[in-house]
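Before anything else, here's the structure in question.
Labels run A, B and C following the written order; every chain starts at residue 1.
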Amino acid sequence: MSTWSPPRPPAVISQDSLRARPRPLDTAIRLLFRVAAIFTIIITVGIVIALLIPSLAFFAEVPVWEFLFGTRWAPRFADASFGVVPLVTATAWTTAIALVVAVPLGLGAAVFLSEYAHRRARKILKPVLELLAGIPTVVYGYFAVQFIQATVLREWLGLDTGSFSVLAAGFVMGIMIVPTIASISEDAMSAVPNSLRQGSAALGANRMQTTVRVVFPAALSGVIAAIVLGVSRAVGETMIVALAAGQQARIVTGPLEAGQTMTGFIASAALGDSPVGSLEYDTLFAVGLLLFVITLVINFASIAIVRRFREAY
Amino acid sequence: MVTSTPTRHGMGALVHRSVRGRAKGGETSPRSIAFLIVLWFCLLFALLFLVVLLINIWVDGVGRLDLALFTEYPSSNPDDAGARPAILGSLWVIGTTAVMTLPIGVAAAIHLEEFSDRHNLINRAVELNVQNLAAIPSVIYGMLTLAALGLFGVVNKNQVWVGALALSMLILPVIIIATREALRAVPAEIRQGSLALGATPLQTVFRNTLPAALPGIATGAILGLSRALGEAAPLLLLGGLVFLRFDPNGLMSGYTTMPIQIFNWTGRPQQGFHELAAATSIVLLVVLLLMNALAIYIRNRYQQRW
Amino acid sequence: MNDNRHTHPTVSIHARATAVSDRMDDTAPVVLDCEDVSIYYGEFRAVTEVSLGFRRNEITALIGPSGCGKSTVLRSLNRMNDLVDGARVEGRIIFHAEDIYGKDVDAIAVRRRIGMVFQKPNPFPKSIYDNIAYGPRVIGMKVESMDDLVEEALTRAALWDEVKDKLKQSALGLSGGQQQRLCIARTIAVQPEVILMDEPCSALDPIATMKIEDLMQQLRRDYTIVIVTHNMQQAARVADRTAFFTALPDETTGDRTGVLVEYDYTSKLFERPADKRTEDYISGRFG
C-alpha cells in the first residue's frame, strides 16, 4: 500500500492560473500543418503553370488550329509538322479497345461479386481481382508487346500486323482497367438497398431480372463513374502504349495498325534530350497540356453525369 | 426450388397464370442460367488473363533469375548484363520518396481532419483539389518536375532526389486520403476524453489520435509507396533512361529504377534482353507482393476495432 | 463573446425557477456558480437564463425530461461545449471568483480543474497504466512517483484491486463497469476540484451501476460532483441537492428551450416539491 498522497488542491487558487497562456509552439506546429495542406494547391497551380508557359511559347510559333486539326505529326523533321490528329486517333483507338475489353469484363465481374457470390467467395475473389490493379504498367507493357503482339496475334492467329499494334496495347490496357471498373461498380451495386431487391423478388422476378431491371439502373451513376474513371486512366496511360502501340505517328484506321498516342509521344520525346526553351521542348508541353485538358474534361463530365443520374433513396 | 401445384379453375388459376407469366420460368430458366454463366466467365476471363500474364513473365524470365541479375551491371551484351543498379536505384528512390512525402502528407491530412474549419472556402478547395490530383495521369507529374527544374536552373535531371520529388508529388494525394480515413476512424469520444482532462488539441493529436491511427496510416503509406515503386512514366521524362554502370550512392547520384530498366530492355531487339526484362519483372512483382502482404499484415494485426 | 446581455427575456418570469438557492442552508460554500446562463447553438437557444450554484463536497443531480438542456448545461461547466460548432454562452459561470468564459481565461486550464466522465466509457487504446498517467503527463504535472499516483487514483476509484496485476494490459479489455471506473480514475489523476458526470451509468448493468454510486459517495469527501441523470431513483439515492429542468416553448421562436424549474435538497424536492411541474415529473405524469 502506498504512503504517497496527492496534495489536496488549495482552497483558493490565484487568479493567474486560469489565465490564457500563449502557446507559441502549438501555434507554430499548427501553422506548419496548414502549410502542408496548402502545398497541394501549390502542386495544382504548379502543374497548370508548368504546362501553360511552354505551351504559350509553342502556340506563338505554331497556330492553334494547325495543332489541333493538322493531320501530320512530324515535330522533329526538317520540314516539321505539328498536327496532333494522328496522336489523338491512336489514343482514341487504344482507349476504345480497352473499354471494349474492360467494360463487359468489369461489369460482369462486378455483378457477379455483388449479386451472386457468397460472402466468403467474395472475400477471396475481390482482393485477387485487386491484384490486377497492383501490377506495374511497364510489366503489362512487356506482356502486351512480347506475348500478345508477338505470340498471340502474329504467331498463333497469323494476323497481318507488325511489331506493334493498337490492338495489343488496347487489349492489355483493358485488362489493367478491369479492377477499376469492377471495384467501383461493385461498390455502387452493393450500396443499393436490399429492400429494392426484396420488393422485386416479391413481385415474382428472378435474380437476373432483379439485377438487370432494378439493381443495375439504381447503381447507374456509380457504374458510369466507374467507366469514366476507366476512360481517364486509359487516356493517361503511358508505359503500355509506349512499348506496344508503336512509335510511328500516323493516323490509325484499324486495330492491327501501329500508332503513337499522346502519352507515347511524351515518353519518346523525353528519351531524347531537348534543350529547355527549344521548340522541341515546348512541343512536349503542348501535348501535355492537351492531355491534361482532356482528362480534366473527362473528370468533370463524370461528376456532371453522376449528378444527373444519381438516384436518391 | 418451388414446386407449384397447378390449379386450372377459378381465381387461383388466374393468379397462378399471371405470376408464372411474369417470372418467365423462374431461377432456373435457360436465360437465367445463361446469364449466370456469362457473369462467371467475365470474372474468370479477367483472372485468366492475370494468370496468363504471370505465367508468361515467369516462363520468359525464370531462366535469368540468378545471382547475376543482382550483381551485374547493364551491358550491351545481354549475357553479361544484370539489374543491380536498377534494383539499388529503386530502393534509393523509394526511400527518398518516403522521406519526402510522408511528413507532408500526414501533416496535411492532420490539418484537414483535425484542425481545419469545414466551412472555410479555402479548406474546401483544398479537399476538392486533393481528389482531382489523384486522377491526373502520372506523366504530368514528370512534366511538372521537369518544368520546376528548368525554372530553378537545375541542369542534371538524373538525380535520385529529382526522381523522388516527382514520385512524392504523385503519391501525395494517396497518402493524404489514406491518412484522413485512418484519422476519421478514431472515434470522437477518444478526442473528447483527452480534451476533458486538460490536454490541448495538439497534444490530443500527437499523444492519442495519431498513435491510434498509426496502423491505418502505415498501411496507406506502404500501398502508396508500392505504387511509386512500379511507376516509370514520370521518371522517363527526368532522364531516368540511362546506361548506368555504377551503384547509386547519394541523393544527387545518377540512378535508374527497375521499371525503367524493364522498359529499356523490352525495347531492345535481342531476345536475351527480353528475358532479362522478364526476370527483373519477377523481382519487381515479388517485392510488390511482399509490400502488399506487409500492409495487410499490419492492418490485420494492429488495426483497432472500435 | 459573453458581453452582450439578453435584455428581453422571452420566457415569462412565472415559467421559470420558483425555488432559489438562498432558501437553502449556506454552510457549504459555492464552488461553481451559474449566473443567468443561456446557451445558444447558432440562433437556437438551448438553455435560458439558468442560475444555480454547486456547493463544495456535495453531489448535485440535474434531472429532467429529454431535451431540457441538462447535458448542455453540464458540458458548459467545463467548456466542453466550445467544441460544438456555433455554440455560444451568455451569462457567467464563476469559478474561484473568475468567469470561466471570460476573455482571458484558458479553457484548457479550466478542464484540468473541472473534470468530466462521459456516458459511454471511453478509455484510450492504451494500457491501464498509461490511461491514468496520460492526464498528469499532458498537463505537465510534476510527480515524484508516477507509479504511486496511478495506484492512488485507481484506489480512489475502487478499481486497484481488480487491475493491479494487469496494469500493462490494454484498457479496452476491461468490462464496461471497470472501464467507467477507469475513466473516473483517469479524471481523478489530474486532481480536479469538480467532477462532472454525464449519465455515467446509463450504459452499465445494475451491479456496475451500484458500484459507481457507492464510489460517488466516497468521492464526495474530496470532490464536488455534478451528475446528469435521467434516472430519478438514482438522483434520490446519491444526490444531496437536485435541480429539475424542463423544456418550455420559447415565446418568440417556438423552439423548446431548457429552463431551471426548481433546485433544492433532494429529499425536499422529491417529497414536497414547490412547483407543480416538478411534482408532475416526479410522479411520472410526464417526461
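Note that in this section a contact is a pair of C-beta atoms (placed from the backbone, for glycine too) under 8 Å apart; a residue touches a chain by one contact, two chains touch by 3 or more.
No experiment lies behind these values; they were computed from the predicted model shown.
In terms of Cα centroid distance from the overall Cα mean, chain B ranks first.
Comparing the CA-atom centres of all chains against that of chain C, the greatest distance is found for A.
Contact analysis places A-B first among chain pairs (by count of C-beta pairs in contact). In whole angstrom, the spacing between the mean C-alpha positions of chain B and chain C is 49. Mean C-alpha positions place chain A and chain C at a centre distance of 53 Å.
Rounded to a whole number, the gap between the C-alpha centres of chain A and chain B is 12 angstrom. Contact of a single residue of chain B with at least two other chains is seen at positions 200. Among the residues of chain C, those touching two or more other chains are numbered 109, 113. Across the interface of their complex, chain C is touched by residues 187, 189-190, 192-200, 203, 207-208, 211-212, 304 of chain B.
Within the complex formed with chain A, the chain B residues making contact are 19, 22-27, 29, 31-32, 35-36, 38-43, 45-47, 49-50, 52-53, 56-57, 60, 103-105, 107-108, 110-112, 115-116, 122-123, 125-126, 129-130, 132-133, 135-144, 146-148, 150, 169, 172-173, 176, 200, 202, 226, 229-233, 236-239, 241, 259-260, 262-263, 266-267, 274, 277-278, 281, 284-285, 288, 292. Against chain B, in their complex, chain C makes its touches with residues 78, 80, 83, 108-109, 111-113, 115-116, 118, 120, 122-125, 134-135, 137-139, 183, 186-187, 190. Per the touch definition, chain A reaches chain C in the complex via residues 2, 4-9, 12-13, 15, 17-21.
If you check the complex, the residues on chain C that touch chain A are 95-98, 100, 104-106, 109-110, 113, 144-145, 148-149, 151-152, 191-193, 222.
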